Amino acid sequence: MDIDEGLIFAYAADLLKEDLGRGDITSMAVVRGGRQAQGRFLAKQDFVLCGLEVAEAVFTSLDGRIQLEARAYDGEAISAGTEFARIEGPAGVLLAGERTALNLMQRMSGVATLTKAFVDRVAGTGAAIVDTRKTTPGLRLLEKYAVHVGGGRNHRFGLDDGVLIKDNHIALVGGVRRAVELARESVPHLMKIEVEVANRSQLRDAIAARADCIMLDNMEPDEIRHCVELIREQAPGVIVEVSGGVNLESVRTLAECGADMISVGAITHSATAVDISMKIAPI
Amino acid sequence: MDIDEGLIFAYAADLLKEDLGRGDITSMAVVRGGRQAQGRFLAKQDFVLCGLEVAEAVFTSLDGRIQLEARAYDGEAISAGTEFARIEGPAGVLLAGERTALNLMQRMSGVATLTKAFVDRVAGTGAAIVDTRKTTPGLRLLEKYAVHVGGGRNHRFGLDDGVLIKDNHIALVGGVRRAVELARESVPHLMKIEVEVANRSQLRDAIAARADCIMLDNMEPDEIRHCVELIREQAPGVIVEVSGGVNLESVRTLAECGADMISVGAITHSATAVDISMKIAPI
Amino acid sequence: MDIDEGLIFAYAADLLKEDLGRGDITSMAVVRGGRQAQGRFLAKQDFVLCGLEVAEAVFTSLDGRIQLEARAYDGEAISAGTEFARIEGPAGVLLAGERTALNLMQRMSGVATLTKAFVDRVAGTGAAIVDTRKTTPGLRLLEKYAVHVGGGRNHRFGLDDGVLIKDNHIALVGGVRRAVELARESVPHLMKIEVEVANRSQLRDAIAARADCIMLDNMEPDEIRHCVELIREQAPGVIVEVSGGVNLESVRTLAECGADMISVGAITHSATAVDISMKIAPI
Amino acid sequence: MDIDEGLIFAYAADLLKEDLGRGDITSMAVVRGGRQAQGRFLAKQDFVLCGLEVAEAVFTSLDGRIQLEARAYDGEAISAGTEFARIEGPAGVLLAGERTALNLMQRMSGVATLTKAFVDRVAGTGAAIVDTRKTTPGLRLLEKYAVHVGGGRNHRFGLDDGVLIKDNHIALVGGVRRAVELARESVPHLMKIEVEVANRSQLRDAIAARADCIMLDNMEPDEIRHCVELIREQAPGVIVEVSGGVNLESVRTLAECGADMISVGAITHSATAVDISMKIAPI
Amino acid sequence: MDIDEGLIFAYAADLLKEDLGRGDITSMAVVRGGRQAQGRFLAKQDFVLCGLEVAEAVFTSLDGRIQLEARAYDGEAISAGTEFARIEGPAGVLLAGERTALNLMQRMSGVATLTKAFVDRVAGTGAAIVDTRKTTPGLRLLEKYAVHVGGGRNHRFGLDDGVLIKDNHIALVGGVRRAVELARESVPHLMKIEVEVANRSQLRDAIAARADCIMLDNMEPDEIRHCVELIREQAPGVIVEVSGGVNLESVRTLAECGADMISVGAITHSATAVDISMKIAPI
Amino acid sequence: MDIDEGLIFAYAADLLKEDLGRGDITSMAVVRGGRQAQGRFLAKQDFVLCGLEVAEAVFTSLDGRIQLEARAYDGEAISAGTEFARIEGPAGVLLAGERTALNLMQRMSGVATLTKAFVDRVAGTGAAIVDTRKTTPGLRLLEKYAVHVGGGRNHRFGLDDGVLIKDNHIALVGGVRRAVELARESVPHLMKIEVEVANRSQLRDAIAARADCIMLDNMEPDEIRHCVELIREQAPGVIVEVSGGVNLESVRTLAECGADMISVGAITHSATAVDISMKIAPI
């Protein structure tokens, strides 16, 4: 999913405050006056770019007159050594926003890059890569956008925009069937009901309860293949999601089992920052 | 550095909102009424625990009557398979807080665990591992606390609580010496002045300007060794920090060059989540 | 849908500030000291009670020691003259919270009562009454909860938790079919796609595009009946919603046309306050 | 009273968030890119317009480049079928703001329209129609402005900007006289003191205590007439307010009893939304 | 006017953040663990105590278990050397809140003490001392409360709770009379209308326009005496306020001119902090 | 230290709300429509100007089109009678912002003026005047900026950006030496450690513990002189601060004792407002 401009600005302005605190004392002391400067964003490794507008918003939240010239866009593959954007404005503003802008862009690009690796790995299987709620607290919208930019699809954005009945719910309510029925009684009609199943007995209950989506959790490939067949036969139209400790090594095998989507917590919880530098010089 | 209890609570309550939104519709539909449940936190891998109080605060921000029984504490090494904490309270509260609590604890433990690995690697060299401002936007205090829990030391918490003159400042102001002098003119007397140097000429300027700390940026081990000797001779008492693309392979060699501290962006920007599960059952 | 306790408290505390401002100058001047008082809530007309916990939260947000004794619960039919709750606490607190608590409870009960009237009118037809986003700005969660309490079902809670393609979208994108396809490409898989149709041609497109839900907008009963039949034949499993200027006079006829649900903006945008008084006396 | 522009903007931006949440997923999926569109606001019934600037602010809070062309102004009588305003901007912005803008304008116009009906009913009697604090929580300033636009006058805006001693205060303090005296001791000298009286004995006390305004609560017309005469004789200059369950049927008779103002809770607590549509088309 | 407990807590918690920032690093480093301590508040000069509850709220906002034992109350005259309160709780909490609590109490007591000096100076004249809006930005409610505690009366709390037509308004609108009439047309009926006059011509206009209060601005004692007589004769019941550069030397002479109140900006804008210390020791 | 523009705006906008509340009812009633006006800022006494940008931000936070023409700048000595700035914009905006802008500028100029008096008094001694944390709650950044403008230096901005071990810490931890050692173990390496000593025994401990700065608290001039000599001999490079009840009479004598800086709480806690008026006229 795309992300609203107003929300981007709110994120950027809010996160900057954490670093800025009472002000950038080094820059205020060293770079006095309003001298103009230029910053160049350089890729120090190969990656999928993500977060350029967020980075821009960090600087514009400090000073509306900042100008960013993009030479690449979110979703593009950037090669090490490329200068992919330039920014101009008062030196003090470039210095104050630098770290927050980089931290955001480096993390978002990290998520997009890792997502792209998973998406490439399952190419041609018909299975989509979807994210989870295992995102960095405070950055969910930005990370889900990065998944989208990397070619993945988005699952729920929070506890309030989708119904997913998990093992803990089932343990509390006493069974898959009862849980799905309770959900159907009260959740809004525009929401599908997904239920997690760990074995064939739960799968049969899920089908009987007419769940809209079924998540096969932590199963071996053979078992997944068997379950997918069962669902296709007995519950055509039901979406099948495979989940559980998926990594770059295992994802292709799982994707070939016939499910509609593979959810991968790793694309957000195990992404690391890509290496980007910002070089500032007077103009 | 430790972290204030009030701040922990504020973080937890605030970050939970991102996931909770208008409410946990699945749990409200499925687990009706106020039934009590118990959650058990289980380690699915070896790691250094960090964030247990933050996780607790997530749940207590939802309901003040939640009881958490800790069987381990922040900083302890946890082995895969260990149940390190239990929590009791209304089932709906445990379900609503589960993901946010896990996301926080998994990330914080990831940072503490990676920090510990770096700290262990430099054992006996006399060099400390310090963090940077390359933290996840929005989580700086929590990640800096995790560095502390993992045995590392904390550098600046923001742009406002320390003076660090970097390459970009020097480029703008025209030299190391001038930059340090300008800083000394106006920054509060309780703050030391650190300056980044990339070569011997800059180092000589830094010494001449009587910087309190000198960061040797992106130098080879031999060059670092030489520079450290120079500083010890000509500027006794000055703190020496080594910085630049440090990883687990290179850190020991760098630490043996005699600097006081090695700063490592990776302990925050490249830490990944450790694997923790929370099993909820009725009581 | 139910409503989270924490959110209720946040609503109550926040809305009270609007009335309280810099403080209740009359009560501070007139009722000095901490004398205890009792407030009795009296129904001045028949209505369906809704909002008692919200009213309680208004007072407890002022003073945690307030005690409310409920003699009826949300969803109960209250007769004129009934004392349905009592509250005890410092007189100044009861006076300061009185108006906000009443305003909220009166409006929420008004929505529940009007919803109940619509629900009763369609009894036995199999059609559910659902709400819309035509709620009072700022009170959506509370009003949607009141709809639920009155026996209605909830539609989307906002623009972010469901997909509803309306006339304006169709006008911009050039057709029902294209719009549904575009939505399917990017929206999360747990969300159903609903599309509004105004005539048979659009209906055929909606069926062809495999929309999950179809809203028949502003049609005459005969036309609705015809369209419902078409959907049941050609698109079994698709949910049918009827919409457009529904009132207490027309709702039964519409409900008898066979749709799954009738959405009624009036239950929120045209509900009025029920009459409740709060009598305070010293104890 | 008029309403400050800055406050209008703050209201609009804040209330929009409730509907927008994490973003308008339908419009982001369906209406991609920045295509420009035009929205036309159409009256679907006769009403007194109110809230056009608030509606405009909803859109400009999303995007500062939105242009609204007003063809009518707050306070004008609009006939069914009239197009009273046009707006131009990115289609996604018009779609995202539509519902919140309409909900606000429909409710505010509803209040203005109902107020106007009461004001017209008492024309020539010399009595003003005034509002109460029985407003929709969260919308008080907007609804009080709508009362003003509809020709009514504003009573207190909150508990902090006027002194009104009501039955509950009197019950707690033991009498009208004592209550007025206590108020006079400590309230700011620019505030008048109003007291509610329910019978002649209380009225005599109010006059003796030299209240600045007297509210005759829930009295029959004959009794009101008698009391007004008494006040005019014995306490010239005192403002007389009539209050209690006033409706369109009773208001003229009450107004003819000679009081200065009739306060009507119904103009806010029982106003309903007027019918306005917004048609969006590409340009 | 008294001040609401909830507001006191909000003030205290909010203002503490300014000092606390990311945490009290000295105390966290030095005073580890949860050791209990006792703090004693000592007067280092004579003053009128004000702000004890605010100081308490600073500490309880950090930790709800803090216990404060008051040995004196707001409004009491405290002699140098007196220990007027004790507080017990975790040492880290006492240290973190100390400065903010003292800063607030010292300033509030400063305002109360200076107010008391003015009030004592006019004893027996029948004139009240009233404050102005020349308060410290951000602390208005607390400073107005301190004026009340010191025996003064409160004027407007803001631009929104009273009508005061000043020289700048008159310059813009073209005359006292027109200004008063315009105000009467639209301001709520519970608000009195005060107008500032600088000479007899303006005074005659103010009387003719039936202003409720008249402020004699920057006049000599003889002129004040004359104007007061004129008002008493021609406009009995009108409140007379004297204003303009009043100090402890001039206030008695002005008070003897017969006005109802003397407004003194100095009691807030020129109050200085009284000297209070807090001694912390382990228990 | 200078102050960030974004922070200035945030301060101004936030503090204005306290005065504005629900709106400036006098000006809205009296000065209708958007008529333009001009305001002239006039010095009514001699002072050091401070806060002009903050004052400007108060008005621009209300209306972005306001134009302020400065005829003097922060730090300049202004003579009584000087018109030091003009502002143009809608009359209603000038009236609404007037009091808050003046209150801020008057207080900030008051602090700058008093600081300048202290700075002038110690001219030639080599000792700097530094501020303390005894600032007005809520205005710390603005007051510290005013100290800087007046020629003083800034000490800590909060509990989180410097380490200062005071008498209360020492009492709790059992000695100067232990306290300094504990601090060194955990505080960030860019922060110096300052410790307060009250006698020679503590001074010897502070030197032995290698504190970076030593504060001589409440000592007589002779004792200060002796201690400074001791520090210069035994701990060259350590910064010496003198503290404790310093006033304009005593400061020169203290400054001549050889310390590096004299900290003066009075420059913030005992500064009073300078007298500035704003005259508004139509244009």
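Read from first to last, the chains carry the letters A, B, C, D, E and F; within each, the first residue is number 1.
The criterion applied here is as follows: a residue touches a chain if its C-beta (ideal position, glycine included) is under 8 Å from a C-beta of that chain, and two chains touch if they have at least 3 such contacts.
Treat the numbers as computed from the prediction; the structure is a model and nothing was measured.
Looking at C-E and A-C side by side, the one with more C-beta contacts is A-C.
Taking CA atoms, the transformation carrying chain D onto chain E includes a rotation by 180°, reported to the nearest 5. Although chain D and chain F carry the same sequence, what matters here is overlap: shared residue numbers make up under half of all numbers found at their interface.
A separation of 45 Å divides the Cα centre of chain A from that of chain F. Separating the CA-averaged centres of chain A and chain B is a span of 22 Å. Among the residues of chain E, those touching two or more other chains are numbered 1-2, 20-25, 28-29, 32, 96, 157-158, 160-161, 163-164, 186-188, 191. The residues of chain B lying in touch with chain C in their complex are 20, 22-25, 28-29, 61-63, 96. Within the complex, the chain B residues that touch chain F are 1-2, 130, 148, 153-157, 160-164, 186-192, 194, 212-213, 237, 239, 241, 260-261.
Across the interface of their complex, chain B is touched by residues 14-15, 18-32, 35, 37, 91, 94-96, 98-100, 102-104, 106-107, 133-140, 157-165, 167-169, 171-173, 179, 182-183, 185-188, 191, 265, 269-273, 278-282 of chain A.
Across the interface of their complex, chain F is touched by residues 1-7, 141, 157-158, 161 of chain D.
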